[in-house]
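Both complexes below contain subunit A, partnered by subunit B and then by subunit C.
For the complex of A and B:
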């Protein structure tokens, strides 16, 4: 796939979340599984042993259980920004299902894309960005070029030649 | 003996399944269920292995001829039928309004009164729709009253609180900003678009009871105001103000507040401001220029008062640069330049002492005072 076609984006904070109050962006999660098929064995185990812990810890997330006859297990996460993500849970053990559930809980709901940079700001500099006139003396605005004053070599201190000439004079 | 017979039968069926490719998956699963529930453990692993074959996808190099024709047909059918009808989230099977209402309060960390919160999500259009439905069914409304109250009153309460608090907060945070600027920032924060955006991201959209679909911005905005109103009615002013501070005011982060207020004549305002504070007239001077004969021309104009530098700014022409420099100077006087302190939000704002009676200076008053008072060096050309 062409590099330009792969979606890339800057880091985003939905609703400036956490600046005032943190709101978990996962609004509801549905666990879909079969009540009898061995393919959903781990999901049933998860529902029996781990799901209540999750609901107790996250009362702001609505949890639904959706039994479907003879269909593979999956989780459906719905986020506050309107996106909905499904993830197949075939062959995933209860521990792994716990981890993916936590993954969904911690997400902002924005599609996962390549990050252009790991940090982003709308105000890159509060003191103003650099420009070529930033440290220039404003008297140059009136000067006529070529000028002998500005064409002269800038004396910044003693040069190596000066030093040698001085040493020769001393001797 | 009977059990043994049954198992051998199933084994036979499973073996024949491998030969028949178009065997129904449902059928296979029901066979498996039979085995799991009726047979002994010793035969389970063997049959399970067969069952895993059902789902195992063998990679193929060929395309099935029928598949292309099938997909084409389905594509054409979709075009004929048109796009899928938009549905409410509540039309799906995994929906429990009670649980959703409870989770809404928990998500925001607020202890809402449930009946008030329910009312906050009832739009006027929904109540009217319900009335209409009853009339169509021939139910007498007087005999069986519709016990639904819409959120209009709550929204009005909420908006009044939000509006006043946003202004009080901004006046205290930006004490030198003009009243017109404060109003502009306030208007930006309380537009339907902004409030709908916030309402969506705290989870109001699916909970709203209204006739239209998808939910309109104005409906979302009303519901959000009503949520604030509900909080105000049940938990008091302080809690409602905290809610506004936590959800509405952070939207100003990364927003250039100086751009929200459009100043028509910045130089005129600057002149009036300097004169009233006892300083000399603003004097624009060209600092630098570059590439003046090209389309990328650049001028830097600085503004001085009493030979003291106030502000400078670049522009494509001298006039643009002068106007921008005047804006920059006003920005500096209002102390809202880019290097201003960040907004006080979150836990830090808990102990914020706000003066509720504070009113900032008004730019209109300043201009009126300057141009109506007798002044020796008055220049009306810039007013």
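For the complex of A and C:
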């Protein structure tokens, strides 16, 4: 009802990434800015001073620069699973743009929604799922009743009488 | 009156009696042990020993005879209390199936069996209980877990998860008190993703006081993929100490 209205999904690991080799899921990143408008000032600063550090560290990510006249600055990240994420960079200083770029690099392309569970496993059971007959003696299935074995009084431990008798026997 | 004092004297003698460690060849639990695991996962199994108010329960017994299923010494009781407090499992100290590893013969038997399964490669899929920043997860190879909030390792880094509380397979379990040694178990993981959570709302409202606060926040989290769990062969000579840090 109300729960289904809020988008939520299980945790996912895209194509078992990291099991053999880790593959960066960010395919390409586009930096959009205006060459003249003051709103793109920080973005231009980033492109001039910080962008090449990012490209050197991440040779597997394709970087595009897209100057767009009279439009606000933004970044568009495209991931290997085909998803596209756009983020506006108006008013964000070069340091912050660096951080958001790094954030895009660290993501898998999966959509960010409410996480149902903080883990996911394909094999939840190692020792077998418990069932009521798991640790029971299977000979009970063949038992015929009345049975002297199953009707026997369970031993509760040493009683005081037994203790006294032992003491007496010792003497 | 006379009967009462007699009973009290009996109890006192009983309590002061010498603990004797008797051979337990006839115990059914030993035979069953050779077939399966060190600790039979039968937590919560009730016995008349565990009834509250049972004056003849194991805590009063210091003299033990093999004809009763429960074989306990003081060291075993202390070890079990320690385990139950650390793992938060109540009643574990009263389990009759929990074989005391203080005995050397049993130790060599169990370690021998575990080593055999490891040598032959029959261990199969292993699970481990791992503690990361206070949160425990039961993990196997191939599954993913989340570590909340800022986590220093970068995307793509290979990690070794150090705090392992328990490890096991289909036929055996090694349970640490509370942690297992680095030399016994190795759990490898890779940092797969570092993102932010969805927008979460923080809302406080007090009625009739014109007080409310609302803001949205996003938490950082890291996704780890567990690569492998490896268990080393146990030494027959060292005993229980080799499992400890």
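In this text, the second predicted complex is superposed on the first by the 142 of 171 C-alpha atoms of A that agree within 3 Å, B and C clash if a C-alpha of one lies under 4 Å from a C-alpha of the other, contacts with A are read in each partner's own complex, and residues count from 1 in each chain.
The rule is simple: a contact is a pair of C-beta atoms (placed from the backbone, for glycine too) under 8 Å apart; a residue touches a chain by one contact, two chains touch by 3 or more.
Here the structure is a predicted model, which means the values were calculated and not measured.
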Subunit B versus subunit C as contact partner of A:99, first or second or both or neither: neither
First (subunit B), second (subunit C), both or neither touched by A:127: both
First (subunit B), second (subunit C), both or neither touched by A:112: second
Which of subunit B and subunit C A:19 touches, first, second, both or neither: both
Touched partner set for A:27, first subunit B, second subunit C, both or neither: first
Which superposed partner A:160 touches (first subunit B, second subunit C, both, neither): second
First, second, both or neither for A:62, with subunit B first and subunit C second: first
Subunit B and subunit C contact sites that coincide on subunit A, given as residue numbers: 16, 19, 24-25, 121-123, 126-128
Touching residues (chain side subunit B, partner subunit A) in the complex: 25-26, 29-30, 32-33, 36, 48, 51, 55, 93-96, 99-100, 102-104, 106-109, 197-198, 200-203, 205-206, 245-247, 249-251, 253-255, 286-290, 300, 302, 314, 338-339, 345-346
Residues of subunit C defined as touching subunit A within the complex: 7, 10-11, 13-14, 40-42, 48-49, 54, 56-58, 61, 63, 65, 67-70, 124-127, 137, 139-140, 142-146, 148, 154-156, 168-170, 190-198, 223, 225, 227
Residues of subunit A that touch subunit C when the two form their complex: 11-13, 16-19, 22, 24-25, 103, 105-108, 112-115, 118-123, 126-128, 135, 154-160, 163-164, 167
Complex contacts: residues of subunit A adjacent to subunit B: 14-16, 19-21, 23-25, 27-28, 30, 36-39, 59-62, 64, 66, 70, 72, 80-82, 121-123, 125-128, 131-133, 136, 138, 140-141
